[in-house]
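What follows is a set of structures for review.
Shared between the two complexes below is chain A, which pairs with chain B and chain C, respectively.
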Partner chain A sequence: MYDGSKILAGLIVFLALVTFPFWNNFGAKEWKQPELKLPPKEVATQCIESKEYMREQHMKILDDWRDQVVREGKRIYIAKRDHKEYQMSLQNTCMKCHDDKEKFCDKCHTTASVSPYCWDCHIAPKAKGN
Partner chain B sequence: MNAFYGLFIVCALALAALVGVGGGGMTGLFAVAIPYAAVAIFVVGFALKVMCWAKSPVPFRIPTTGGQQKSLDWIPYARYDNPVNSRDTVVRMILEVLTFRSLFRNTTAVLGKTPDGKPQVGYFSEKWLWLAAILFHYSFLLIVIRHMRFFTEPVPLPIQWLDWADSILQIYSPTLYQTNLLFLAGLGWLLARRLLYPQIRYISNAADYFALFLIIGIALSGIYMRYVAKVDIVSIKQFTMSLVMFSPVVPKEIAPSFFVHLFLVCVLLAYFPFSKLMHLGGVFLSPTRNLPNDSRIHHHENPWNPKIKPHSYEAYEDDFREAMVEAGLPVVKQLEEEA
Partner chain C sequence: MQKTRRTFLKYAGVSVLGLAAMPAVKAAASYVPHQVHEKPDPRELHAKRWAMVIDTRRLNSDEDMKPLIDACHKEHNVPKIDGPQEVKWLWTDTMHAVFPEQSGEFQHAELEHKNFLLLCNHCYNPPCVRVCPTKATFKLQNGITMMDMHRCIGCRFCMAACPYGARSFNFKNPRPFLDEAAQNPEYPTRMRGVVEKCTFCSERLEKGQKPACVEASKGALLFGDLADPNSEVRKALKENYSIVRKPGLGTQPSVYYII
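== the complex of A and B ==
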């Protein structure tokens, strides 16, 4: 080998960087999805759409709502699931039930390293302990 | 035609993953077996390739004179273009690896006309390739680092900062990453130049297009998941975390489009050590970049030369004096003197 020590050192550093996901979690057995604090039954029994739909699309819904309300003045959302009418509002609809940002929104956003800009304008309501 | 081969293979691979997971029920294969195999091939293949390169002899200094060579003390020389010591060579390497300095010197040949109407070849600086390469490579690096949010808990602050900075324009929700656009812009030009310029099209092989289409496929499948289809990202994190903890779990909520993305990444990893993409490791072993131009300062000995002891003429004559005298050859020391 020629310049073996230098090449080997570089190779080891590279492989250490590449295998970061593995050694970073070395020894851990399992990663559990964050547990969300859902509103109690007497406050609400269902969300505007199904759980799966909300998990995947809530950011799209909020983005659409923002555009509809602010730019077009429309405030009524008709649910895809049961055609019920809801007011398009983060604070008055979503957070009426999911009132604790830290125990609901932030749980997944933190683990997914997402920082939504909702809170640049909106102020999260004080948690009522729902 | 070569472009179609590359495009066809990538489409077939994407379709294989889609059919395999979506309808074929081969989730175990595409979600568990293939990712582990791909990472193993990448790590072992990369290491073996570099070790193989390390075993080949280092050539004689190749003084690619991008600048004035060091000669007399009063002639200023190009320190980083034509370095004579390791320190300056390291600077040259850093500039090469981080800023693609060689590519910055890229020229293009243009057939023009002299003032009196005769055809003449002219060479012009061509920076678009460099720009596309820089955009592509740095975006790719940032995208890979950003993806570490799926493999860490808690997500380290630098990765959170990167995520925040990358989506700082606050367009759309989920927020648009700037690197996604720059990545596609870079890739787009790298592909377009192969298709548009006849000279480059002529020297482009299927492998050149395959690598491009594969990475474009990875980018588009990722963009599709984030901005169009939307996937359950926390379930995906559960899957990726279980994968790196060696106890794979595949939540049912994950959409097939994710597995297309994952499979294309696996293909890229497994293909990497055998392809031109190995310039990732190879750039560090470029003999024209990593060797100082000191062939007039240090004696270079060929490392594979056999060891030959010096044999002076006097010693030679001592060995063969009698035979030389017998053959009538003149000798310095006579036979009598020796005795």
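== the complex of A and C ==
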């Protein structure tokens, strides 16, 4: 006697548990690009670099900026795209255009499950609706 | 090809010539167009070793010193916390606390009961920098002992190393202790678990401004380059008797006190 029926039942329960995430997600809504509140046209029509570059590289840009500013004493960024000059500053550059953190940075970060700790120190501006 | 001494010497000669030409090649390379994406602000003030001279004869009462402290703490969003968890960049203390080695049993009555202005000494030979395990505190080219808040892990070795008590630890979130209306939105706050101190206003120097306390001092604080014999600070030191804090420790402070 090998308890065949018990083993079979066990296997079925095991398979059901292992594949549960797939069952559970059946019919769930697909991921959507969050809708971001972009700065109005009179404030700015473009970002520092191209939109695609910013999407992919903004964390790297910010990381470079803080080292350049704090450790190298360089405060001016020259854009790769049009050689325009910007102060390398999170509070005084990014957030001057993107001044509604909740409807811009946070919205994207929440959907992507990232929570940068920068705001423990850096002061987010009061939203003016940009 | 046969390797004779003659060919060996020829090749050796050519190699030495090549080495000698290196600087020229490097100089030429720097003229080849390339794109740099970060540069210093052209307004930046330059020095080899920034230093401060405090004319204590002109800073006698708390009313003389409070505006300077307020200017600094407002500029840098320094929280107001009383007691042992205090956070301070610029503060005052008594003669015996500030110059323990220089004061005998009996003192000039006026000095004995006077407070002195204190800040990070931006030592030439800073013990805090030697002990920092993450290089969160380090020397800038211009002599400033800088804090990189992004790297600070809050181990507090630097606080133990600093003989001047110039560093403060954030035991708790400093935000509730800041008046929100009076916050400087251009400068970050700090968070729980990092160490902070005076940075000689490196963010102002890099934009061409003197430090906030110097600007508020109406000439009682002088600021300049200790490495330049013609600078304002060197002139003041030449003409007046001055002392530094705890010179025996060999830290070589860059903050001088004219007594």
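We take it that the second predicted complex is superposed on the first by the 107 of 130 C-alpha atoms of A that agree within 3 Å, B and C clash if a C-alpha of one lies under 4 Å from a C-alpha of the other, contacts with A are read in each partner's own complex, and residues count from 1 in each chain.
To be clear about the criterion, a residue touches a chain if its C-beta (ideal position, glycine included) is under 8 Å from a C-beta of that chain, and two chains touch if they have at least 3 such contacts.
No experiment lies behind these values; they were computed from the predicted model shown.
Contact with chain C, but none with chain B, is seen for A:Lys80 once the two complexes are overlaid on the shared chain. Taking chain A as the reference, the larger set of touched residues comes from B, when chain B and chain C are compared. By the document's definition of touching, of the two partners only chain B reaches A:Ala112; chain C does not. Within the superposed three-chain model, A:Gln68 lies in touch with chain C and out of touch with chain B [touch as defined at top]. Once the two complexes are overlaid on the shared chain, A:Cys121 sits against chain C while remaining clear of chain B. In the superposed model, A:Asn24 makes contact with chain B only, not with chain C. Legend: residue contacts after superposition of the two complexes on their common chain; A:Thr45 is shown touching neither chain B nor chain C. Residues common to the contacts of chain A with chain B and with chain C across the two structures: 117, 120. Within the complex formed with chain B, the chain A residues making contact are 1-4, 7-8, 10-11, 14-15, 18-22, 24-25, 28-34, 52, 55-57, 59-60, 62-63, 108, 110-117, 120. Interface residues of chain C, counted against chain A in their complex, comprise 35-41, 44, 77, 138, 140-142, 146, 148-150, 183, 185-192, 202, 206-207.
Partner chain A is touched in their complex by these residues of chain B: 42-43, 46-47, 50-51, 53-58, 148-149, 151-155, 159-160, 163-164, 167, 170, 172-175, 230-235, 237-238, 240-242, 244-245, 247, 253, 281, 284-285, 303.
Of all residues in chain A, only 64, 66, 68, 70-80, 88, 91-92, 117, 120-123, 125 touch chain C in the complex they form.
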